[in-house]
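Next come two complexes, and both contain chain A; in the first it sits with chain B, in the second with chain C.
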Partner chain A sequence: MAEPRIIIVGAGPSGTRAAEACVAAGLRPIVIDEGRRDGGQIYRRQPDNFTRPYRKLYGTEAGRAQALHETFDGLKGAIDYRPETLVWNIAKGHVWTASATVQEAIPFDALLLCTGATDRLMPVKGWQFAGAYSLGGAQVALKSQAVSIGHRVVFMGSGPLLYLVASQYVEAGAEVAAVLDTSPFGARLKALPDLLAMPSVLWNGVALTRTLKRAGVMVQHGVTPVEIMGDAESGVGGVRFFAGSGREETIACDAVAMGHHLRPETQLADLARCAFAFDPGTRQWLPERDDDGRSSVAGVYLAGDGAKILGARSAEASGRLAALGDLGLPVDKGEMTSLRSEVGQYARFARGLAKAFPWPARQAPALPDDAILCRCEGVTAGDLRAVMRETGAQEANRAKAFSRVGMGRCQGRYCGLAAAELIAAEAGVPVEQVGRLRGQAPVKPLPIAIGDGQ
Partner chain B sequence: MSAASDVIIVGGGLMGSSAALFLRGHSISVTLLETDLIGRQASGTNFGNVRRQGRGIHQLPLANRAIAIWRKSRELLGADVEYLQSGHIRVCYRERPELVGSMEEYATQARAEGLDLELLSGNALRDKFPFFGPDVLAGSYSPTDGHANPRLAAPAFALAARKLGAVIHENTKIVDAQKIGEDFIVTAADGRTFRAPTLLVTAGAWGNALSSQFGEPVPIVPRGPNMSVTEPVPYAILPAVGVMTPIEEETVYFRQVARGNIVLGGSTRGPSFPDQYRAYVEPQNTMSQLQQIRRLAPSLGKLNIIRVWSGIEGYLPDSQPVMGPSATTSGLYYAFGFSGSGFQIGPGVGETMAEIIAKGGTDILMEPYRIGRFAAG
Partner chain C sequence: MSRFVRLGETDRPPVTLYVDGAPVAALEGDTLMVALLSGGGTLRQSEFGPEKRAGFCLMGACQDCWVWTESGDRLRACSTLAASGQRVVTSQPGASWPNHV
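Take a look at the complex of A and B:
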């Protein structure tokens, strides 16, 4: 039998460990990654000419980052590695790639989607101003370009990344004006039993808050964002919010990093026609998979944060599991069992995180009419409400068709979850009834010049 | 108990929605039944060409009727369907010079039907439309054609019909239609029944399922267009643009909306799946479309597409729709199978079908659309 053609999409923690397992089994997978270098987002590698030490870039995760990078470096001769390459569509057993303007359709027998995550964002009035970034974007600026997003930065939102990126900014010498967490402090105590599933990760989180405290950064809990102040000309000028006490406060700043934990990048799973199910814990639609990463489509596997947000450590385990499951080679059953139970621990920890840093669903319907909801298309919350009133649209794709919410470059990856919450609240239906925006190719913008001269 | 009305329309696309609106104009009570949501397939996913140029000469009176409705659409519908009478230009390539003669002949015949076309070539063409590539030889310009937004059009007609009293049921899949005595009994999948002495089938690619129940099967084939859209760029291209070519793969067209995005269409139409209610764009068709766009307008090669889509269209072998009365059953009418060319004439079809049902006839030539042309023997 011919060697199975294996394609791994993504060279972050799950993709790297999946590739490692394939190579160990004597296979030569194709690894396709959008990044210029491997590592994915959380373990993003700095450009070649940068020389900052691991400890400085990755903090407590330096050892894991270095181990992952060294693993990938060791695999390079044994895999078909395609960096800076976008998988823009999947059809009939082929992935369609674009690298600059070179296009290719590559057949596969097994496809491992290790597509990672992006920020889960809750719009705030004024978030379209220059200087408003996602937490992930703020982190990329620091890791990849060694620059801060502003002179004086407010971190606003919730989730572990809020504290991680804020403390990374502090350590890099940037001025952090405040960390404004929408989650009440008490939520963390309630989540403690689940968070104890991963004591070391929990401890790292505590250490981050210490870093912030030592640097004298103001940290507030239970805040409700009101607006990012500023104007189109000069960009962000400050933030206005209700403190936990209910008092309205403002803080001057020239940049805001915002986000509420992460959301999986599921469009490729959608284009591969995987079945999705609503996950009540995170209020998101996620591709279905079994414990070993098998999707509903034969030959398509899902691993890492691209399937469900369980964190980078879990991604390494689930990447390896997804690769081992159906290679057709003898596998160590003991290892499979221990990997599964490892992922189970991360899942418990992730439930704890969801309790400690809840998605502030009610902020979406509270957006004022003049707040931009969809940044790509400039659609306001009021525009969407008007469309609902005039047309009766209550389904995500229908509301998109009439209002253009989610119709722009990002295809709703940044506004779609908030839009669904707004529609659900306005219509008085559960958010799962609003459905999910269908994934449409190309998953990222595709040059019309694609394939020219080929 | 059946819900009763004068007319039942099965199929809530542009044809059914506009027919419902115009039937209300004749004070006829109407119930419109739609499997999914109004205007979601062929009517909502097409290119949005409001183009008379290039249609069969026999179809121009119907197209003229439609253009009059498009022009007053804002007042008629109380909504903006982004109709722009910003022109349509159809060009041919240097390797097919014989098509210039076809364009000239068409222009002469079209003028007799009230459609004035201007033939352009050389500097005259490039001065007016500087975006054309060197392969383009000549063009036929129709200043009174244009484009509109298909996502908004059929729902706007349906909403206007509803405001005038039409009863519209979405998410109502019809599984059976029969004539019992003087009435049609139409049954939905969930068991609801609807009753009326007149039945109009405007069910697009699904039309054959109903016409077959009345002994009139048609050889309809479901396919899907390949649509793409670019990121927004400054608004500069006014007319809808298309290529005249006998080769389906070379077919390509584009238009820029006032917000700046450029909508692209063309290349070999893909398969579509009426049973699953889905149509997918085949990636190789997107590739071929982008190649043809670069040939037609090379400067568009600097842009990115941000989304592709398709929808379910019903095609008949002669590319003409089935339109008019049934040959087997009195009180039964059809308007489906528009073969990827129904958007512009849609409102004219609705008005004409309403006229036929209300008055028993129309001045519009209906002979080419007879369902009987597919009858065996």
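Take a look at the complex of A and C:
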């Protein structure tokens, strides 16, 4: 039998570990990645002519980052690596790719989707102003370009990334005006039993808070964002919010890093026709998979944060598991069991994070009519409400067709979850009933030269 | 006034590119986004509202940071490296939108 054609999408932690397992089995997978360099977002590599050491870039995860990069460097001769290449469709047993100059349809026998995550956003009035960035974006600015997103930055949202990026900014010498967490401090106590699944990660989190305190950064819990103030020309000028005490406060700043943990990039799993199920813990529709990463579609495997947000450490384990499962080669049953149990621990920890830093679902229906919900096309919360009234739309794709929410440049990545919450609350139905925005090809806009040539 | 603040890695060779015809000083290894926002406050005008934009996700997912080559090819400023002598424009050549014709 000819060697199976294996395609791995993504060269972050899960894609790298999947590729490593394939190569060790004597196979030569195609590894397709949008990045200029491997590492994904979490272990994103700085440009060649930058000199900051691993410790400075990745903190407590420096050892993991370096090991992953070294593994990938070692694989380069043994894999068919295609950086700066977008997978924009999956259909008829083929992966459709586009780079700056080449478009291809590549057949596969096995497809491992290691597509990673993007920030999960809850819109705040004024988030369209220049100077409002996603938390992950704020981290990318520092990690891969050694810049701060502003002269005076407010971190607003929730989740572990809020504290991680804020403390990285402090350590790099940026001015952090405040860390405003929407989750109440008490939520962490309830989450503690689950968070203890990963004591070392929990401890790292505690250390981040200490870094912020030592630097004298204001940290508030249980806040409710009201508005990112600013103007059309100069951008962000400050934030207005209700403190946990209920008092309204404002803080001047020229940049806001915002977000509520992460959401998986599931569009390719959708195009590959994988079945999805509603995950009540995160209030998201996620592709189904078994313990070894098998999706509902034969030959399609899902690993890492692109399937469910379990973090980078888990991604390494789940990437390896997904590759090992069906290679048809003898596998070490002990290793499989231990990898599965490792992922199980990360899943318990993730449940803890969801309790400690809950998604503030109620902020979406509380958005005033004039707040922009879709920042791509400037569609307001009021526009979406009007569409619901006029058309009776109560399903995500139908509401999108009428309102254009989710139809713009980002294809609903940053407004889709909030729009679903708003629709659910207005219609008085559970959010799962609103459904999810269907993945559409191309999953991202194609390079213009190629698009025009079609 | 600049939007981004350089916090290190400033010992790199300078490059000069041209944005809407005007020279912009940057450093080798800068993305277009960092080059433009280290020397200015915004990247482009929104097509759908009154406000200027300066990108959002920095990881190629939101597409907020598009700029163009003078011949009209679209570039994602967050993932395109700035090059010496490069010429970019911040509005789409030949396009017009209702809010800023």
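Here is the rule we use: the second predicted complex is superposed on the first by the 449 of 454 C-alpha atoms of A that agree within 3 Å, B and C clash if a C-alpha of one lies under 4 Å from a C-alpha of the other, contacts with A are read in each partner's own complex, and residues count from 1 in each chain.
The rule is short, and it goes like this: contacts are C-beta pairs under 8 Å (C-beta built on N, C-alpha and C of every residue); 3 or more make two chains touch, one makes a residue touch a chain.
Every value quoted in this text rests on a predicted model; they were computed, and no experiment measured them.
In the superposed model, A:P365 lies in contact with neither chain B nor chain C. Contact with neither chain B nor chain C is seen for A:G299 once the two complexes are overlaid on the shared chain. With both structures placed on the common chain, the touch criterion links A:V147 to chain C but leaves chain B unconnected.
In the superposed model, A:Q103 makes contact with chain B only, not with chain C.
By the touch criterion stated above, A:R375 is placed in contact with chain C alone, chain B being left untouched.
Within the superposed three-chain model, A:G222 lies out of touch with both chain B and chain C [touch as defined at top]. Contacts of A:R409 after superposition on the shared chain: both chain B and chain C are touched. In the superposition on chain A, contact is made by A:P445 with both chain B and chain C. When the two complexes are superposed, the chain touching more residues of chain A, out of chain B and chain C, is C. Across the superposed pair, chain B and chain C both touch chain A at residues 409, 445, 447-449.
The touching residues of chain A, counted against chain C in their complex, run 34, 36, 41, 46-52, 118-119, 128-134, 136-138, 140-142, 145-151, 172-174, 231-235, 254-255, 265, 372, 375-378, 409-410, 413-414, 444-445, 447-449. For chain B in complex with chain A, the touching residues are 37, 44, 151-152, 155, 159, 230-231, 280-284, 286-287, 290-291, 293-294, 300-309.
Every residue of chain A that touches chain B in the complex is listed here, in rising order: 88-89, 91, 94, 96, 103, 105, 390-391, 395, 398, 401-402, 407-409, 411, 440-442, 445-452.
On the chain C side of its complex with chain A, the touching residues are 3-12, 28-31, 34, 37-38, 41-43, 46, 48-64, 66, 72-74, 78-79, 81.
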